[in-house]
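Quick heads-up: structures coming right below.
Each of the next two complexes has chain A plus one other chain: chain B in the first, chain C in the second.
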Partner chain A sequence: MSGTLPWVTVVLAASTVIAALSLLSIKMAHRIILNSRGVRTAHYVAAVAEMIGRRYIPTDTPKGWRTDPVFHDILIDYRRLVEGEDGRFIDRMVEEFGIVDALIPRIRRIFPQTSRLQAVSTLVELADHSAAPFLRSLLDDRNDYVQTHAAHGLARIHDLTAVPLILDLSTRVRPWEAARLTDSLIAFGTDAVPLINEWVADEMASPRPSMEAVTQSARVLGFIGDISAEPLLIRLLSSPNLEWRVAAASALGRVGTDEARTALLTALADNAWEVRARAVRALATLADETVGPAVVALLSDTEWWVRQNAAETLGEIPGGVAHLLEALDSPDKFAADSALNQLAEMRKLPPGRLPVLVRERPHEVAIIIPEPVETRPSS
Partner chain B sequence: MRTAINVISIAVLIYFVATQLHMLALAILSARALYKQRMFERFGRVQDMLGSDLSPPVSIVVPAYNESVGIVESIRSMAMVTYPKFEIVVVNDGSKDDTLDKMIEHFKMLAVPMPFRPSIKTAEVRQVYHTKVPVSITLVDKANGGRADALNAGINVARYPYVMLTDADVLIDGDALVNSMRYVAEDRTRTVGVGGNVRPLNGCTVRHGHIVDAKVPTGWLERLQMLEYIRSFVGARPGWSSINSLVFLSGAFGIYLRQAVVDVGGLTSGHMGEDMDLSMRIHRHYRRLKKPYRMVYAPSAVVWTEVPSTRTVLRRQRIRWHRGLMRAIWDFRSSLFNPRHGPIGMFGWPAMFFFEFLAPIIEFLGYLVVPVSFLFGGINPYLALLLLMIAFLAGAFTSLLALFLDERFGYFNKPLEALTLLSLVFVENMGLRQQTVWWRIRAIFGGNSTKQWGDMERRGVANLGAKPAQPVTPIKPVQPET
Partner chain C sequence: MARILVADDAATVRMLVSRHLRAAGHEVIEAEDGAAAYEAGMKGDIDLALLDQLMPAMLGTEVIAKWREAGVAFPVLVLTAVDDDDTVVRSFELGAADYVRKPFNMSELTARVNGRLPAK
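And now, the complex of A and B:
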């Protein structure tokens, strides 16, 4: 052993010195890169602003610009900030600089993963319709991130043919990616709703439907809030699948028709508390005072979350506060508690109703007297 | 005698090699986990979570005992985190200073009749306050019962399905909640706990509840603790997390499924390692139920905390930590090499026992054996010097690996700071390490004198960047045992 130890010491000493020097070099390199990035950012911000202002694209732009990620980031930022004529001018700049053409080859699989992903994330922000076939081909890529970015790119350029492809893909990926893929559908807006409806209906009819993808689709339909999704969401609300019912309950609140209200009122009696909790919250978005009595009943629900959501809903719907004040005297302690909680949160407790916990600091009771209820000034 | 010394020497040597291999393996696992996590952060569209209803609401629970100096700044930083829906529950644990009054005054708190039915038994709750400011802040004023009891009271009042247990002397990065809750959104059914990355706040410049400049602390004691934190939170925890063997989530940043905490009866009052105790009980609970679960570590969920700046306070802290570990080792002895407890029983907990609990004993034996061997002529001075150098270099190399991994966060790139960091790697083994070993030995054999929570002089999070004003008013928040 005594023969080996000196060698171990030497190797370890050399490794430590190399590691220390490498660390120092990396730190210095990081500093230089950051400084250089800062300088280039300032330069590009000024240059792009001037080009937009003068509506002028110089023909002798340095070649490095078209492949510089910092330049791409600045263009993306400007593209998000400006609209109309200025936005179209930036699109023209992207085209004339040939940025998309420069990015596409970098997405090939021979490039390192980080470089590919950087190129994809830039491409989806700057590409126009001509890149649609390429972006659709990226939906078949092996990398989840590439697929997700491609879906968002297709949504940005409004390529409706990609909607079923994105939905199909969401059945084959993990829940996080499924959520991100379906998120991209929101950008398509109401145009995508018939396609999503059709896809979900087919999926529900299939012998082994994808639970996650359908759930996420229902969520997206709610976000878009188009009335044509209502029959499908009502069907989902009465399905045996709990996740579907929960997602449909939330979504129906955003659709907001009479049929949706009726379906949600029925869902208040669902066996699963998760559905009752979501349905009662969804009713708040309808802002309809006729749902008050049905919601009051849920103040006595066995599940704490449902009671809380019912109280919150009553705090938001017209005439709901009156129901909460009534519930303060409810013989059901849980209902009274929920109402008390909500009224305290809203600072609408009636004067004279002493807080149950204030015992030792009576001087502070004075400050909980509710503030005057805001009234709309008469015009 | 000589045989005994030889046996001890060989045991110490084997232990040393095993420790180094274990740290190297963890560094490799951590590097892989950090790379994956970095890719996810850059390209996984994490920010999309903010606009989606997939992000479950979180209750941030903050126990406060005599935290008057920094409580306002700390709560302000928490109120500014970027997350769709969260509330802050501050629990004033019978403070003797003006923590309560400062909270009431600064955040315009109003006493409210907030009825709640405690799921966990705690000391008496005197009053619940709610704020008038737009962010939902609830203040619970209760009788003193210790940190665990205060957290339990906060968990009782918390309204949301996930509770983030933290301290009142921390600053939370704006995107810490998004970066940690994305693990929950990623796997809603299995994720029961998410831990964050704790970094020393000392020396940093703080403005309006935010870190505007992360700096290396000015004091050597704080600098060395910073290195320890980097080794633990960057060099080891991502690795443990990747094999679902995270033994505990840090007390400064731990997000738990509220129901899981309630199911195991909350935190144990009077336990000096209540965070480890809670995490281990959750592990055991889910193993018994045979429900798939995971506790993960989110390296980019960064929280900054004040670390002790004097030896006295550091000694008390380390003694307390080791006593907490001792109790946990005893309480969960059945998990040791228990295949029914999965990776935590086969890897995480045994590593805690061998490389944390036993470490001071074996290292101390190592320090003893050298002079004794000299005395009996059983050691070759040349060989002893080589072994000493190997130990020194191996320690430095492991710390360097952790610093390499820390480059992923991009802190400390100024030339002077980089050189300071490098010097830390070598200075650490020249005194502080040995002193820490001695403190931990005292924790094991020190008897009743070591069974106190210890004091912490608070300078307040906003003042940590500056040198202490003259004089710093020492506040003695001795957390009593219940």
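And now, the complex of A and C:
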């Protein structure tokens, strides 16, 4: 037993030395890589600025540039920084350096995965129309990161043929991925709206429509804000599907006209409080003085969130503050409270109300009025 | 020829803008954070400053405020990706001469700089 102890000590000491040397080597290698990256970055930053400034692409640049991720990153930085002629010149640089052609083989290789995903990100930022077929093929990739980035890349180059493909894909993925995919459609802008309208109409008519994809489409139509989406959104607002109605109510507030206002006023009587809450908020952007009474009625809604939204809307629409002031004296405590909160939030509470409020409900006042309130009469 | 301070933590911005301004005949001093920009502006030989808003050490608006407190009055152009209304309004309240959002057009930026330079 005593004879084996020195051997154990020797083995342990040797292992420790080997481990320390390995760590040291890794650290040194890392430092060399970082230094090299820093030098290359500085070099590329200067070289690309010079090329942009001179509008000149030298023919004798090292071949390694076109495959160097550091060079790609610098091009992306510059591409995000400038627009107009400078931006178009960077697009020309990308083309002449053959960067897209260099990225595609890296993306086709499954390993190493990190390098592949980096290449996808770069392609999305720098690709031109010639890469559209390849980007569309990436929508069928197994990796959801690649799919989502491909969708955003297709939006960046405005490949409208991809719109229905992205929507189709959004029916086959998890809800949060569907949201990220459909987000890409916003960048297509109004040109995508007829295609989204058509796709949603077909989906609604299908025997088993995708609940999530249609909901997300309605949300996107709201963000794009094109009036041609209004008829479809009004249809969704009266559909049996709760999520569709909720999404359509919000979206109509962004795109709607008089017809949307009428539909939203009808939706104030929806059985679902979620729809009433969204509809009453959407009316804030579409309202004229005539909608005031319908919104006031919701100050007495059974759901707190609907009352709160109604009060907020009254705070924003023409003549709404007068309705809030009137509601302070409502026999309905819910309505009076909602009006009081909103007026306090807007700093429009009548002066006579504040001392009473402070005396009777100091805790609530502390919540709704952040600044200290002087409760004692001044001498 | 004017002496122009370009303050931005992004090397790409400093390099590109400086190169263009030098080509337009100006002398350029670079700063890579808010504190360095403030110091450079306090030396008293700057004709105009191009300031990023989001910089380490000090925000662009903080730099302008400190310059104004110290009585430094050269024109300042804010060049930033920040486009929220509060920052834009705050910059003008502090006396910024212009507010340019990224991405920007380099020729237009050069023209704005030339247009804001004090006559000599």
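Just so it is clear, the second predicted complex is superposed on the first by the 309 of 379 C-alpha atoms of A that agree within 3 Å, B and C clash if a C-alpha of one lies under 4 Å from a C-alpha of the other, contacts with A are read in each partner's own complex, and residues count from 1 in each chain.
In this section, contacts are C-beta pairs under 8 Å (C-beta built on N, C-alpha and C of every residue); 3 or more make two chains touch, one makes a residue touch a chain.
Since we're looking at a predicted model, the values are computed, not measured.
Within the superposed three-chain model, A:40 lies out of touch with both chain B and chain C [touch as defined at top]. Legend: residue contacts after superposition of the two complexes on their common chain; A:53 is shown touching chain C, with no touch to chain B.
In the superposition on chain A, A:78 contacts chain C only, with no contact to chain B. In the superposed model, A:136 lies in contact with neither chain B nor chain C.
In the superposition on chain A, contact of A:307 is made with neither chain B nor chain C.
Shared-chain residue A:28: touches chain B; no touch with chain C. Ranked by how many residues of chain A each touches, chain B and chain C are led by B. Those residues of chain B that touch chain A in the complex are listed here as 39, 42-45, 48, 52-54, 110-115, 117, 125-128, 130, 132, 159, 182, 185-188, 380, 383, 386-387, 389-390, 393-394, 396-397, 400-401, 403-404, 407, 410, 412-415, 418-419, 421-422, 425. Only residues 41-42, 45-46, 48-50, 52-53, 74, 77-78, 80-87 of chain A touch chain C when the two sit together in their complex. Taken together, the chain A residues at the contact with chain B in this complex read 2, 5-6, 8-9, 12-13, 15-16, 19-20, 22-24, 26-28, 30-31, 34, 113-114, 117, 120-121, 145, 148-149, 152, 174-176, 179-180, 183, 219, 250, 308, 337, 340-341, 344-345, 347, 349, 353-361, 364-365, 367-368. Contact residues on chain C toward chain A in their complex (touch as defined above): 10-13, 15-16, 19-20, 23, 102-108.
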